[in-house]
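Right, I'll just put the structure down here and ask away after.
Lettered A, B, C, D, E and F in written order, each chain numbered from 1.
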Amino acid sequence: MRFDEGYSGKVFIMSRPDFDEAKAVIYGMPMDWTVSFRPGSRFGPNRIREASLGLEEYSPYMDRHLEEVNYFDAGDIPLPFGNPKRSLDTIQDYLKQLLAKGKFPLGLGGEHLVSWPVIQAVYEKYPDMALIHMDAHADLREEYEGEPLSHSTPVRKACQLIGPENVYSFGIRSGMREEFAYAKDSGMYMARYEVAKPLREILPKLSGKKVYVTIDIDVLDPAYAPGTGTAEAGGISSKELLEAIQLIANSNVHVVGADLVEVAPIYDPTEQTVIAASKFIREILLGWVK
Amino acid sequence: MRFDEGYSGKVFIMSRPDFDEAKAVIYGMPMDWTVSFRPGSRFGPNRIREASLGLEEYSPYMDRHLEEVNYFDAGDIPLPFGNPKRSLDTIQDYLKQLLAKGKFPLGLGGEHLVSWPVIQAVYEKYPDMALIHMDAHADLREEYEGEPLSHSTPVRKACQLIGPENVYSFGIRSGMREEFAYAKDSGMYMARYEVAKPLREILPKLSGKKVYVTIDIDVLDPAYAPGTGTAEAGGISSKELLEAIQLIANSNVHVVGADLVEVAPIYDPTEQTVIAASKFIREILLGWVK
Amino acid sequence: MRFDEGYSGKVFIMSRPDFDEAKAVIYGMPMDWTVSFRPGSRFGPNRIREASLGLEEYSPYMDRHLEEVNYFDAGDIPLPFGNPKRSLDTIQDYLKQLLAKGKFPLGLGGEHLVSWPVIQAVYEKYPDMALIHMDAHADLREEYEGEPLSHSTPVRKACQLIGPENVYSFGIRSGMREEFAYAKDSGMYMARYEVAKPLREILPKLSGKKVYVTIDIDVLDPAYAPGTGTAEAGGISSKELLEAIQLIANSNVHVVGADLVEVAPIYDPTEQTVIAASKFIREILLGWVK
Amino acid sequence: MRFDEGYSGKVFIMSRPDFDEAKAVIYGMPMDWTVSFRPGSRFGPNRIREASLGLEEYSPYMDRHLEEVNYFDAGDIPLPFGNPKRSLDTIQDYLKQLLAKGKFPLGLGGEHLVSWPVIQAVYEKYPDMALIHMDAHADLREEYEGEPLSHSTPVRKACQLIGPENVYSFGIRSGMREEFAYAKDSGMYMARYEVAKPLREILPKLSGKKVYVTIDIDVLDPAYAPGTGTAEAGGISSKELLEAIQLIANSNVHVVGADLVEVAPIYDPTEQTVIAASKFIREILLGWVK
Amino acid sequence: MRFDEGYSGKVFIMSRPDFDEAKAVIYGMPMDWTVSFRPGSRFGPNRIREASLGLEEYSPYMDRHLEEVNYFDAGDIPLPFGNPKRSLDTIQDYLKQLLAKGKFPLGLGGEHLVSWPVIQAVYEKYPDMALIHMDAHADLREEYEGEPLSHSTPVRKACQLIGPENVYSFGIRSGMREEFAYAKDSGMYMARYEVAKPLREILPKLSGKKVYVTIDIDVLDPAYAPGTGTAEAGGISSKELLEAIQLIANSNVHVVGADLVEVAPIYDPTEQTVIAASKFIREILLGWVK
Amino acid sequence: MRFDEGYSGKVFIMSRPDFDEAKAVIYGMPMDWTVSFRPGSRFGPNRIREASLGLEEYSPYMDRHLEEVNYFDAGDIPLPFGNPKRSLDTIQDYLKQLLAKGKFPLGLGGEHLVSWPVIQAVYEKYPDMALIHMDAHADLREEYEGEPLSHSTPVRKACQLIGPENVYSFGIRSGMREEFAYAKDSGMYMARYEVAKPLREILPKLSGKKVYVTIDIDVLDPAYAPGTGTAEAGGISSKELLEAIQLIANSNVHVVGADLVEVAPIYDPTEQTVIAASKFIREILLGWVK
């Protein structure tokens, strides 16, 4: 018996004990300090892990079992509370090292701004990358109340870094007029309200491409994911998000990393949000880590 | 600085400070004293206002910004607790004055009976009006347990006042046999279970008509609006209700007033009901107030 | 006045006072001792009854009123706590007597394992029976952690008893690889993810058949029924389940009994799960008891 | 096996099957239609019964076991919804018959107004009765907003009926100035804020007296009983209420009936209010029914 | 009828319509951006107002009625989201003007840092002021994670401004070793764990003094106020806090302003925290505004 | 950077990284399969760890900082679901090894039965041990419904193992008559209702003794700890439990291990139970690990 190994219940279900042999690495980014309306996503990663205990390890969607994927849950990245700048730097360093070791990064948020340093690190390794973004919100602001480091800005920053023509947003139903104008004029792709149908059209064009996928849980209607800070009525169902994950798995895009962000458990006493989130993580592990 | 102006957080987001210049007026009707099953909608108006703080001010559905509509949030009408008769009289007086000043009335309930005095006042001004009614319940009873002033009766009363041929109900999935029989025999229009599809058919027939629209939040499935007194499984999604609001906005009917009723926050600790409700109010402001 | 009759609020709405004259009998099976993830369904039956108070007694789906069906709510079967074996025996005895008296059994769970003794009793009376099973989970395990009496096994047991060719599962989206393999190889029928569409295809083949129907509330997406122990994202809507009940009612199958299981109220402070469940029970009474 | 007897889980724990032999009768009064702030106590009686399942049947406070008291849980009195007048008449009739049969009435509310017809019936039988009243609120209003049948009035009515000198209130911490003035001038007894200490002083003076005891659950601080409509900070602890019940049990007063009212489960997702209430009922059964 | 006056339900109960004639002014400070653990107090002020609707207007503790105190609820101070520096400046300006007009300021938080600019403004007017501070936390840090504007620092700042010998803390049960050392060495007064008893000793020493009182709701045990961000077990009861308010009211200190902070409604679905908070505000109005 | 070390947020705050150097070891025992009323304590250990993030690391009660105690959080012991026998064996093995390495075991439950194998292992090492037991329930049953491995039995078993004269129970307020009779006749010590006062009397008698302390969170009144399966009104406050921990810390008993059990987070949406529990664990670490 080794006493320093008994982390059952605190890592994602079936996480392997050895970092070095793992193909994919799950890590939490428990930051929510730039959130304007209802904070709380700092508690998301831990609750998603907890809910994973209730998951079946086999997926009929993918016809694959978690034992077929070697992944390691590395816990949460320690982030300096209340300091967005240093938090993002820490995440970026962490990701660089993870990518240098050839790992598939699978991040759990935290607010959506955490995706920004991840994308920077991924872009450094794969300069020809594209971004698939599923969200209720455009996240295309240049700043929020004068602050460029805001959870409303990561996709705009990504456009500037990797080129808007490499950014594909789905499910968008909220934003400023300027954001929708930018989406139209910049050359990026944006599908409003829906995810699965437009994705089916876009995926063939991305064939062979290296793609990073960022999913904001609020792309779902609040009925399916009430546990999030900026719930936005009129979203898609869990069924459609599962279908989207499957479409990508069955496509010819080469997913090089992913994250699922903005899970804020306190707003959902039913726990259905973390239960659904843990299922999406399972599907991503089974479908995208190859 | 004026100390009597700082009502941020207590009025609907972007409410203008001046009543006289406003085109539309938001007002609450915090009454729930005739409710049979689960009361609590008296707290609805205030919570919808509170949730409006999280709204984006621009709508991609309408391609319009709240600053393009001049509206004033007048707070709640003071209603005598436990006295339906006097409450309804107070509402009717209030509405008459509001209409006399040429305002577009946008009411927040409260139980559905509050729509009855509103309809009376609107009818007085527009005797050729039609009524669009979205609801899970037919609300066509003549009385409830011997009491003619009940939240199960407002649409029946409206039929008697403006003629059943001018009443259009959508999404209905609950009622007594007699109510469905009345719907069939009286000449009114009733679409069961669905809203958007039948509305698309009916709207052309109402072209040019003056229409008052009353929306009971329970037309949504409880999944989308658990915070209501008489939740009724089998309803429509938030997406369909947003589509319905948009269909009306894009039609040639002339909306002369509207209300959203039966929001009872206590039954929904996730707050998704008030969050969705505040979005519907934004869409109504942007789409129907012209 | 009889003091031993005032059970209003504790039996399903409009339950008749006389057992002997009743055609159908509602009974609770408040057992949840083999549940692995989140227990609590032992409180389901009582809360479904409580929620039935808010129901309309007439159904527009069926165009029928509860007074047209004579049923008796017999309360909960007293089950020995923590002892699955004796609990199942008690249920089986109870069912045998119920069936001997010619009653239509309508059971409220409780975990899904309670359906197993019911099916045994029904099979004894109707050896040519078929089973319709709506669920998120295949429930086709032979055992769970070495224990053959587990809530993951009842459908497998049913296959062995009545023949896999007489078992029809709908809505399945979770299970072990072995369960899906069994479903494929054994000759049973399994529709994944959906219920109404495949049911429409299957029902004609079951024409004239005696059928027992078991519904696990988690066939619904957690958005529609968060109050269940093993919530599984990606399910059907309440609308689709209502449609399924109606399809069966309008078909030529001869329903000889039914149950609705796995309602666990503690996980749903909105109470929407028990409210929906009580509506499904009403529809079953009106549509299947003939 | 008798199918009409299986009401386990729907009656108070260990309720005997036979009304006639019972010394005490538990009955619910699920009325809350005159409540001004937060309604919901109509669901109290059923939830108290449900919670009683978790009780130990023996009490170390009383050194007595529930099998030593013969009581029958008669369910809820069927009350005409929304009609206070007829509801109160129904309760009074019910009580008269109960008392005529020599039963000890133990009522579960419901709003506090339900105690008024009970007191009338008790007074008819015992014209020399006294009233012990534990509550946060004085309940001494003559009317509420012009309505004499209000949950703020029952103790005033009792004073008028049985004489203020026979009314003893404890724990009072809320009311109008007029109510406190009446308490002072009328000759009734009122102890503010505390229960056990003043009760210890008063009980000897009531030696040999026939006493009816009415307990409003909000005499407890909201910390101990958040599930009530008009929670009032600054109350007593559960420990003090248990002590008060014990003091009465050990005194020489002759308790002729009792009730526990204003339990409104919806405001308490922790269920601690109904759990505590069911314990108080057990103690009353063990300590006051002799 | 004036349509711009109907703010019933959105101001504290019985707030007068006229600012100029008011002696006291209630204002909200909905800021929580420096909170480390569980944010959410930005929603406190509005919910306290909402809960005030359930209050009795007369207090038996003070034997006084709200109509005897002329106060005006000015709503929330509009604060720039996410910017502590500018928020505090705004509050300070607001307070200076309020004090210049001779008003008694009664603030609703928001996180505890909002008290700092208030104290600065009060000190400017009353340089001989003392501070009474009731809290679970010492709030004596010089900075938090390098940030001097943190909700852990306001009392330290106050010590530096008005002199530690003029600061009196009560109920303290959490802090860093350095904070307790400072409390000991600096000459300030700190009572651990208790409030009423030490207050009774200190008040005579403050006789005739001008005193500002700041109350952090978490001075209460979480049992009495679960709706707060940094709940700390081992606190006082609501009864003791009511007693403390009364002790100050009956003393010879001259209260020149007060606040109640850190009410975070999301963590308390029972609503008991805002219900208690609104009662404390009533007592402060009745007891301290003279 | 080491990727296999970042378990922030998943271990108790300030847990050291090295098992070998640690004096105390925290471990979870997430078992609740013998629970009769409301299960859910299997989720307790993880939520207590999560809540520890909000703790101050210094304690004014003990005047000590967590950095002064070297402890290691080993995560949860992996337990075979639904199998009490094997679960208890696993715990006992684990404890034997822990004790063999000279560690102070600090366990997090889980139902109370998990203390039984711990006590067995402790007794093997310290045959002269005494047991201090704080609980609402006597836990002195010989079996529960025929099952000797029940959460109602651990203290009886302990009496048989270490001798009733070495068992000291505090705060007891629920049990069968037989349990209270056993407590009286066997020679064990039992203090009803209270903890701190009787503990103050007993501790001198235990001077120099080796003592294991087991705390059931339900010794607290449900007001202070609603998140537990068998809440029992009439308990002590958090203040009294903190005092009890301090009394033991300041006494001459030699604590050789401890546990805190029956925390069931699902019943407490306010999270106050896990917040309080994490504070008790901090106090135990600071006060008892020497």
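We take it that a contact is a pair of C-beta atoms (placed from the backbone, for glycine too) under 8 Å apart; a residue touches a chain by one contact, two chains touch by 3 or more.
Protein names from UniProt, one per chain: A, B, C, D, E, F = Agmatinase.
Keep in mind that this is a model prediction, so the values were computed, not measured.
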{"item": "Intersection of the contact lists for subunit B (Agmatinase) and subunit C (Agmatinase)", "value": "A, D"}
{"item": "Separation of subunit C (Agmatinase) from subunit E (Agmatinase), taking each centre as the mean of its C-alpha atoms, in whole Å", "value": "55"}
{"item": "Centre-to-centre distance between subunit D (Agmatinase) and subunit B (Agmatinase) (centres being mean Cα positions), rounded to whole Å", "value": "41"}
{"item": "Touching two or more other chains - residues of subunit E (Agmatinase)", "value": "38, 221, 223-224, 267, 269-270"}
{"item": "Graph class of chain-chain contacts, one of line, ring, star, complete, other", "value": "other"}
{"item": "All pairs of touching chains, each written as two labels joined by a dash", "value": "A-B, A-C, A-E, A-F, B-C, B-D, B-E, C-D, C-F, D-E, D-F, E-F"}
{"item": "Touching residues on subunit C (Agmatinase), where the partner in the complex is subunit D (Agmatinase)", "value": "1, 3-11, 19, 25, 27-28, 30, 43, 45-46, 49-50, 72, 74-78, 93-94, 97-98, 269"}
{"item": "Subunit A (Agmatinase) contact footprint on subunit E (Agmatinase) (complex, rising order)", "value": "34, 36, 38-40, 80-83, 144-147, 266-267, 269"}
{"item": "Of subunit A (Agmatinase), residues touching subunit B (Agmatinase) in the complex", "value": "36-38, 137, 172-177, 180, 192-193, 221-224, 226-227, 230-235, 267-270"}
{"item": "Subunit F (Agmatinase) partner contacts - residues on subunit D (Agmatinase) that touch it in the complex", "value": "53-54, 56-58, 60-61, 63, 65, 221, 223-224, 237-239, 242, 269-272, 275-276, 279-280"}
